[in-house]
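As written, the chain order gives the labels A, B, C, D and E, with residue 1 at the start of each chain.
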Amino acid sequence: QQDRPVIAAASDLQFALSEIAEQFEAETGRSVRLNFGSSGNFRRQIAQGAPYELYLSADETYVHALHEEGHLEDGGILYAIGRIVIVAPRGEDRIVDGSLVRLRSALDDRTLRRFAIANPDHAPYGVAARQALQAAGQWELIEPRLVYGENVSQAARYALSGDTDGGIIAYSLVRGGPLAERATYALIPESAHDPLRQRMALVADAGETARAFYDYLQQEAARAVLADFGFELPDTP
Amino acid sequence: MDWTAFRLSVELAAWTTAILLPIGLLVGRWLAYHRFRGRGFVEALIALPLVLPPTVLGYYLLVSFSRDAPIGQLWLAFTGDGLNFSFAGIVLASVIFNLPFAIQPVQRAFETVPAHVREAAWCCGLSTSRTLTRIELPLIWPGLISAMVLTFVHTIGEFGVVLMVGGAIDGETKTVAIAIYDRVQAFDDEAAGAMSLVLLIASFIAIGLVYGLAGRARGVGVR
Amino acid sequence: MSADREYGLSIELKAQRPIPLAVDFHVKPGELLALVGPSGSGKTTILRTIAGLQRRVVGRISCAGRVWLDTARGLRLSPQARRVGMVFQDYALFPHCNALENLMLAMDRGSPSERATMARALLARVRLEGLERRLPGELSGGQQQRVAVARALAREPDILLLDEPFSAVDMMTRQRLQRELAALRRDIRIPILFVTHDLTEATALADRICVLHEGHALQTDEPEALFRRPASPQVARLLGRPNVFQGMIVNNGQGERLRWGSLELEIRDTTGLPPGTPVHWYVPDSDIVLHRRERPSRGERENPVNGVIEECLTLGAQTYVTLHCSETADSLQINVSTHAAARNGLTPGAEASVSLLSDGIHVMVPETVQEPR
Amino acid sequence: MDWTAFRLSVELAAWTTAILLPIGLLVGRWLAYHRFRGRGFVEALIALPLVLPPTVLGYYLLVSFSRDAPIGQLWLAFTGDGLNFSFAGIVLASVIFNLPFAIQPVQRAFETVPAHVREAAWCCGLSTSRTLTRIELPLIWPGLISAMVLTFVHTIGEFGVVLMVGGAIDGETKTVAIAIYDRVQAFDDEAAGAMSLVLLIASFIAIGLVYGLAGRARGVGVR
Amino acid sequence: MSADREYGLSIELKAQRPIPLAVDFHVKPGELLALVGPSGSGKTTILRTIAGLQRRVVGRISCAGRVWLDTARGLRLSPQARRVGMVFQDYALFPHCNALENLMLAMDRGSPSERATMARALLARVRLEGLERRLPGELSGGQQQRVAVARALAREPDILLLDEPFSAVDMMTRQRLQRELAALRRDIRIPILFVTHDLTEATALADRICVLHEGHALQTDEPEALFRRPASPQVARLLGRPNVFQGMIVNNGQGERLRWGSLELEIRDTTGLPPGTPVHWYVPDSDIVLHRRERPSRGERENPVNGVIEECLTLGAQTYVTLHCSETADSLQINVSTHAAARNGLTPGAEASVSLLSDGIHVMVPETVQEPR
């Protein structure tokens, strides 16, 4: 049996990374197994010796911490910077604009029922969403209306469920894939939140294929896909 | 320590248990006393919610509770409120999820009530309802306690369904299970550990007392 | 139907399951009917049907002027609506209730304290003073049975259905309970059905006895009549009466006689059957008179039978003697007091004579079918 | 359709049930027949795993199964393998998580075996073990079936604990529950729906048959 | 201990719970001991203790040459190791096994087909042919009880413990089962303990009877001896013997006499008690001889007692007569055949005389404490 490493990846990479892995397989003939989940859970599992060979976190601090604990080969590299969007079910763009002005008016005339974000206690996209709302001066107002997803994809579910008026989620989730046609969205300016610095690193004792995939992710083809799914590409690793 | 979440969990578990108690009694009793073709499949139907991963079940409930779906619409019509992201919603979800724990032990308990004892009660003039309260309930007591404790405890720990349907709204749908999970996810192991410990100790004492008292109260059948 | 019949229990039942059942009788208020019959003959099934616990049955039951069951009219009262006081064969006490609570649950009148007082009185009546607070599991078999009897009474029933209610109690207590039951019949005038396999008990207590066999009521009659005139050899056998023989009706010119072997017996109740009819006949214990040694006694001329003693079985004051009679090739079972047996030298091998009183000889007319009453 | 995940789930549930069967019988029987101070607390202890959210319990198990912790070390010493992220590990986690479902119904069932019937078995010369197999097991059958079905079903649907301890490794620890969850997370509703449907139908038929057959086999106590 | 005692059942027990128990007896192989006593007197408890089911007890039990219990030495065999054939008062059949399986489970020898054959034979012995495949719940009370008896035998036990084994079966079946039991005693020579509340049954079947009262063995004796010489008024009362009176030992110069009211009765078995000792005394039914009208009978000179008939109760062939004797202010209960009663004109208010045979009069020596044997 061939070496098919398990890759642990943040769930905002759901669509982008799947596409990259397909390209990778087509080009190299090697394949990887993708596990999407919460970056935090992966961080714990890797600390306990999980047999993942490559870790793509949505939050670079986890990579730093694991590196310090000696579970990673090195400090890894920054592979993408995430962006957030305000979304609503397609056709209900009452509150959808990047400056959050419409959201503000919905709040003011008390027509906002519920609004979904990822849990800012631990999900990086939740933190960014909170920062954006704070920057727009709406946090205090909107907090009682918020529902929290365990992670950003659950938040996306909520935002498009019909029982909320929308939410703030990862840009990468609505750029392509099944949500693209179900949602209407607007990009929130980068300046509204701290950059979502996404770092990846090889886990100690990673095998050949994982290394190859790690390298492939730094190639243009892969970066193009990431860009295509709305990630900013860092210049410096 | 998120005491609001604790309170909410206890409320949720109490409501769930309170609602499932009569359901468990009715359905459990009915399944115990009536033999019909397909009884096994009715029992299977009750157990089905368990086979789906809670988050997925939660997702399907989220969809069926939405304003566009019949259940959500009905609820909206009666209460003027949505089911999703509300306390009522997580109670309903919990109720569905805990059906097998509430029904099965009660059913098994009813099955062991001797037929002659029930008949004697009727001959003593006890109506069906008095037979239930005065004869059957005391006799099925251990099974009923089991059912209620399992339901209660399972609701306290339930996380996937409640999170999905409830949306972790502080003070409304954020139970202690979610609060602990959040602390763990936030790498706040100390807070998570402290909350877990409080939860475990409180549960241990509460369940222990319930079982202890229930066991002491006339252990019929055990000698 | 007379008013008298209205206000008692009338039943008329047919069933196929669990056994084929065909019974039909009436019990007057205050009357005690004993059901006797072999194990498995359907006694419990009949009581359960009256109580409304056995449902697969067709027929009619009425009690205390109310119709409880009429399958023709689709009417069937629930067990609760029937007001029966039932003692189950296995007692069926409420296992989680103490003796007092078992009784109080069956009472539906009065304040709790009145009910407790009455329950206590009932328990005292069945000699269970001091055991009021015991759970059934902490009582002996006989004690449990007495709680069950008291509970049946506590219901203030319209009918008492007692399924072997004294089978587990000792003789002394049993006698006391039998006296209580007799007293009760005077106090509350309701029909009482009583299953027992103790014929002495049935005779002592019952106004009438119904002999059941495989779900069919063979004969229902007063004890005296039943023991003197069993309707068929089967009834006699079920009642444990040994002296049933085959014979033939003859007419020797002086009137109807019963030929038994080479003997011709006088009978008082002539049958009117044509001479030559083969019949079964029966003579009760009380009409077999032992001839005393050397001293003739009254009735000695009546149907004398001579024989040789085959076996003597002494049980306390009674001795059971088997007398083989060569003239008939049959054996008579007789029952004499032990001192009479000693006085008359009744030992195996000895010769002895008895008279069969013509009053007692009962010819079972073959076509006799017990009229349902 | 991820058939590997289906197979794995069935294997996991089968192992869990098979391991819990003797445990449930032993502990359930012991709890049913022995009255001692603190029995209620032993029962409470068994129910405790339920009060924690599965993922959190999973995390604590992950830590205790690690090579630095006693359980993990012991396992390593015996098998030369780690517990975490292995099939053995998720089986063990499942076993712990399902303890109350395996023990409680069995305990309640043992409690209703009449003392006299057991005594009669002893007097008939049946050893304790033959009394168990020939008398007690047939009498507790409905409770045992309940216990096993609940355990099996609950394991099939279990997700948080298995995900945390197992790490969702394809073909080794990725159960159908995780596979469905993944599809839901990936917004691949069609695949999730299809898998859920297959799972539900298969479970419905399987559980229905088990209950049906178990119910038909001599329903003692029900008449 | 003699070899004979070794190979039977010896028990010597004390217990406090559930009732204070103090018993001590020996039953030889092939011997049948009946335990009689009021409901709640501890009969079941004793059987359970022998079977090893009741554990809170001190003492010693040995059977078939093996020690089953010796609390002094800390030895206690499990119920399985004791090889007892036990019939529980409530039968305790295995509810999920049919009649045949109930028996086969108790057998530990032979191939399955041999066991099935033997089980079938045993069921036939208790008259349950054709019901082999019925579950206990589908059998009548008496049928269940017979399965329990057959199961006890199936064990090929070293001792039979029968707790009211025939209480739920009808008289006919009962007699048949009693005969089976008697036959069994010849086939397999093991001790048999038999609880019953039917004294006729106890008398007919038992070699000895043990009278229990509140956990204490009051007297253990052969039925004849027990009925003729009960050790105390209490035993007589428990046996349902009515004629126990108070009297006083006197000496009228011709020898020891028993003063009863103004009468002085001859007694054959003199007590040697000092004159003036107040005693209880008893006369069995069989030693009360009714004087026949106009014709003197044997023994009439012996202890004549005259009285007036208070009550006559006729039960079939027997009539129970209460004779009030003004000289003593006591009433005698006598039991005559119904036709003797008629012949002698015994009706309430009539005068009658009886003789109390001096052979039968039994003076209960006050200090008599039943020697445990």
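Throughout what follows, a contact is a pair of C-beta atoms (placed from the backbone, for glycine too) under 8 Å apart; a residue touches a chain by one contact, two chains touch by 3 or more.
Owing to the predicted nature of the structure, the values given are computational and were not obtained by experimental measurement.
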Joint neighbours of subunit E and subunit D, given as chain labels: none
Chains touching both subunit C and subunit E, listed by label: none
Required minimum of steps from subunit A to subunit C, each step between chains that touch: 2
Most distant chain from subunit E by Cα centroid: A
Chain pair with the most C-beta contacts: B-D
Centre-to-centre distance between subunit D and subunit C (centres being mean Cα positions), rounded to whole Å: 59
Where subunit A and subunit B are represented by their mean Cα positions, the distance between them in whole Å: 36
Centroid spacing, where centroids are CA-atom means, of subunit A and subunit E in whole angstrom: 91
Junction residues of subunit E - those touching two or more other chains: 90
Junction residues of subunit D - those touching two or more other chains: 55, 59, 114, 221, 223
Two or more partner chains touched - positions in subunit A: 41, 154
Pairs of chains in contact (touch as defined earlier), listed by label: A-B, A-D, B-C, B-D, C-E, D-E
Complex contact set, residues of subunit D against subunit B: 32-33, 35, 38-41, 43-45, 47-57, 59-60, 100-101, 104-105, 108-109, 111-115, 142-143, 146, 149-150, 153-154, 156-160, 177-178, 180-181, 184, 192, 196, 199-200, 203-215, 219, 221-223
Complex interface listing, subunit D residues touching subunit A: 55, 59, 62-63, 65-67, 82, 84-85, 163-164, 167-170, 182, 185-189
Residues of subunit A defined as touching subunit B within the complex: 38, 40-41, 43, 113-114, 116, 119, 121-123, 146-150, 154, 157-158, 161-164
Touching residues on subunit A, where the partner in the complex is subunit D: 6, 11, 14-15, 18, 33, 35-37, 41, 44-45, 48-52, 151, 153-154, 156, 173, 177-179
In the complex with subunit C, residue positions of subunit B that touch it: 114, 116-117, 119-127, 134-135, 138-139, 218, 220-221, 223
